[in-house]
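To start, the structure itself, in structure tokens.
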Amino acid sequence: MADGRFFERKGPFSIAEIAEISGAMIADGCPENLSVSDVAPLQTADENCLSFFDNRKYLDAFAASKAGACFVREEFASRAPSGMVLFLSDDPYRAYAKAARAFYQAPDANGVISDRAFVDPSAVLATGVQVDPGAVIEAGVEIGAGTHIAANAVIGRGVVIGDGCHIGAGAALSHCMIGNLCIIYSGARIGQDGFGFAMGAQGHLKVPQLGRVIIGHDVEVGANSTIDRGAGPDTVIGNGCRIDNLVQIGHNVELGMGCVVVANVGISGSTKLGRFVVVGGQAGIAGHLEIGDGARISAQAGVMRNVKAGEVVGGSPAVPMMEFHKQTVALSRLIRKKQ
Amino acid sequence: MADGRFFERKGPFSIAEIAEISGAMIADGCPENLSVSDVAPLQTADENCLSFFDNRKYLDAFAASKAGACFVREEFASRAPSGMVLFLSDDPYRAYAKAARAFYQAPDANGVISDRAFVDPSAVLATGVQVDPGAVIEAGVEIGAGTHIAANAVIGRGVVIGDGCHIGAGAALSHCMIGNLCIIYSGARIGQDGFGFAMGAQGHLKVPQLGRVIIGHDVEVGANSTIDRGAGPDTVIGNGCRIDNLVQIGHNVELGMGCVVVANVGISGSTKLGRFVVVGGQAGIAGHLEIGDGARISAQAGVMRNVKAGEVVGGSPAVPMMEFHKQTVALSRLIRKKQ
Amino acid sequence: MADGRFFERKGPFSIAEIAEISGAMIADGCPENLSVSDVAPLQTADENCLSFFDNRKYLDAFAASKAGACFVREEFASRAPSGMVLFLSDDPYRAYAKAARAFYQAPDANGVISDRAFVDPSAVLATGVQVDPGAVIEAGVEIGAGTHIAANAVIGRGVVIGDGCHIGAGAALSHCMIGNLCIIYSGARIGQDGFGFAMGAQGHLKVPQLGRVIIGHDVEVGANSTIDRGAGPDTVIGNGCRIDNLVQIGHNVELGMGCVVVANVGISGSTKLGRFVVVGGQAGIAGHLEIGDGARISAQAGVMRNVKAGEVVGGSPAVPMMEFHKQTVALSRLIRKKQ
């Protein structure tokens, strides 16, 4: 059970309500008048809890679970303990996510502008915006309805933020336009000028960076991540992208919709990722490359060339994954021969 | 000598006092009524300074040092310059650390709550707590005696912090419980929700992250490091851990006591480290792994499988260190043959 | 054209003014009484725009460009479209940078100390200093003329900052001295104590870190980067260095003048870089090493030994670049043989 110091739980919800919320189907013969009061993993759930079974590896845990109700694929329904209410779904984890979000809702912005915040008189805040103590909102900023600016965040001159966003504590935004329903985590830095200068022995001369950062809807940018603004064109993050903590995104980079970028990744200037690209932790991508739709970059890979749509690459310099595995095996054989 | 703009020096201390503070033994024949007024390296120490000799490589520097007093292992005592007061210790660096801490004490919290800070009326602050300008302390927070909250730090709703801690400038804490005597450096982000969502072409749906971050006693978390809260279980950092700057620790990760994690490391979700594990800089550890007590992960290693207690691994993917060295040698031979 | 929400454009400038600003020479026969009102890339520039041609790869774009004026090397002047005003320069990009900086000047500090900032009475601020809301300036700080301290930045006790600097939103400085004309980006952490302790099973005992961070003139430190203060000696960043985002620099590290350090790099304690060293993204350099003048460390390299002046290294562990390329080729041949 989630710690009440930090989490507020809604519910209980009836079986019928859960079906509606999750879009899953109640299995035949299950009583619809029961209710569940919390969510929990299979191993710790009790008869008041709703759980999910999504990974064959946990079949034993499913068969032994005391959960009162559970999301499951139809093919495994027969393995359920007797008495468990079953919700049938092709994607039990997503159905569970929807239900869990009903129990534990992200709190709405409370509409209070703290008198300890600084809001420039020229800023335009829509209804329901919450601005916490110490936040600073500079001239010309526009903030959409129901957005929450957490404590000590800084929203620089002219920035536009959409509806229903959350800007984390101490984050700093400048030179950017952010869509609706985005979460910018604590300490993220968006819109500072990128690493652009004319190098030379007489000194590295800064070149004005005249683009912006354009962030779509439903985007998450992780804690302490950094996204530089464009040098002339914009840096663009597509709808639905998920960027983890401590990620660096250089100037002019473009991410198509639904990309997932894991922690500690660096993407160099002017590289373009297609849609639904996944970049594993600590991977690096050189500048001016094209990474195709649905490509997967393995953790710690070092990408030095374009990657085709759907391709999976690993290693540094990165090669097709199959090749990387063979290299690993060949290296390990090589040293065995030498012994 | 440390710059007086930034450091306040106590002392001088008599030889007898240094012996007591450090636990080291004064060598026979050394005058106990002398005193030392500062600490310094062997090379720059003068007759008023206390130094240490711990690394054979610096034997010449030791023999030539002008330090008035020095911590040393008994076996090297005979190599000291004449007139040097010797403190004998099996661990001269640790003995030195104790003495240096007496000269340069971390300043105590001054018990002042700045009227430029925001402290929610429901927060409970023990005696002697210092809260600097711009810090924000939200509802229900509890802070132990003598803890210092530096400028512009944000302590989120319900967070509990023990006694004698230092929370650095601009750090942000939420959903966490922190023990005594911890140092959370500037810009660290602790307790934000982890990278958890149901992926899919119809969008990546966020799954509520219902755990906390539990940090033991005497833990350090480096500048701009990030520790995500648990997804259901907690993320746990054991007593005495040292986490360097810019480290990412994913949800549900557990570190046993005394782990040392160097800068730029990423540890993926649900991985468990035993006691006294050392992780070198820029190493990455994949999710759901077990790293045994006393294991050592080399810098830049990419750990993809469990590591046994005491094992040393390197490379990406990581292999036993001996094997990694052999791979390196084999590769270098391979290209020589081809020439 | 740069977005007017975020950028203020000066000008127009006459052809003669541009020649003077940039130091480039107007090609024979070009009318000096014309003017240009903006800068733009070759592809999007119109007849009112000033552009540059620096990379042979874009020769077609140059020949087809509608730019009214362009910086170019003399050898390519004959390839210009007719009617284009040509500025001849040996370094067209640098000449362009100078012109672009005239159109888009970094705004001067406005001399306003916000009443929402906290400035300790003992701090000394020179004329024209701007301190934004939420910034905290502690006791004994000295700030030079025309320096801008952005919102929620924290300048710790005794810190000295030169003239004409910009300290970004939410940055935190302590135990450091900073020269003139430096830019410290948002969220950078400078001067915290480094990762120094006496390790041991009875706990890792912190050793007081008694040095400072000394930063020269015209230095940039990227967003969320961290620079630890020296342990006894100082950590030193030479004039004209450019440090990108999310870089970690350990205690006692020294960078000579003009070094360029790309994002996500880690440099371990006591390592010394010469002048004009370039360190590629995500590279790591072990502690106590010497990296010679003009050396180049490739992205993701892991440097475990000294690097000579002018040497180029890559791989992990890093070897001379030529050798690293051969290793890569040899590995790829090896697996082809095995198939």
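General observations
For reference, chains read A, B and C in written order, and residue numbers begin at 1 within each chain.
One rule holds in what follows: a residue touches a chain if its C-beta (ideal position, glycine included) is under 8 Å from a C-beta of that chain, and two chains touch if they have at least 3 such contacts.
Because the structure is predicted, anything quoted here is derived from the model rather than measured.
Annotation: the chain A:chain B pair of sequence copies touches via predominantly different residues, less than half of the used numbers being shared.
The two copies, chain B and chain C, are related by a rotation of 120°, based on C-alpha atoms and rounded to the nearest 5. Averaging Cα coordinates per chain places chain A and chain B 29 Å apart. In chain B, 134, 152, 170, 187, 224, 246, 264, 282, 316, 331, 334 are the positions where the chain touches two or more neighbouring chains simultaneously. Chain A contributes residues 118, 134, 136, 138, 140, 152, 154, 156-158, 160, 170, 172, 174-175, 187, 189, 192, 195, 197-201, 203-208, 210-212, 224, 226, 228, 232, 246, 248, 250, 264, 266, 268, 282, 284, 286, 302, 316-317, 319, 323, 326-327, 330-331, 334 to its touches with chain C in the complex.
Note for the complex: chain C touches chain A at residues 2-3, 5-7, 39-41, 91, 93-94, 96-98, 100-101, 103-104, 106, 114, 116, 132-134, 150-152, 168-170, 185-187, 218, 220, 222-224, 240, 242, 244-246, 258, 260, 262-264, 276, 281-282, 299-300, 316, 328, 331-332, 334-335, 338-339.
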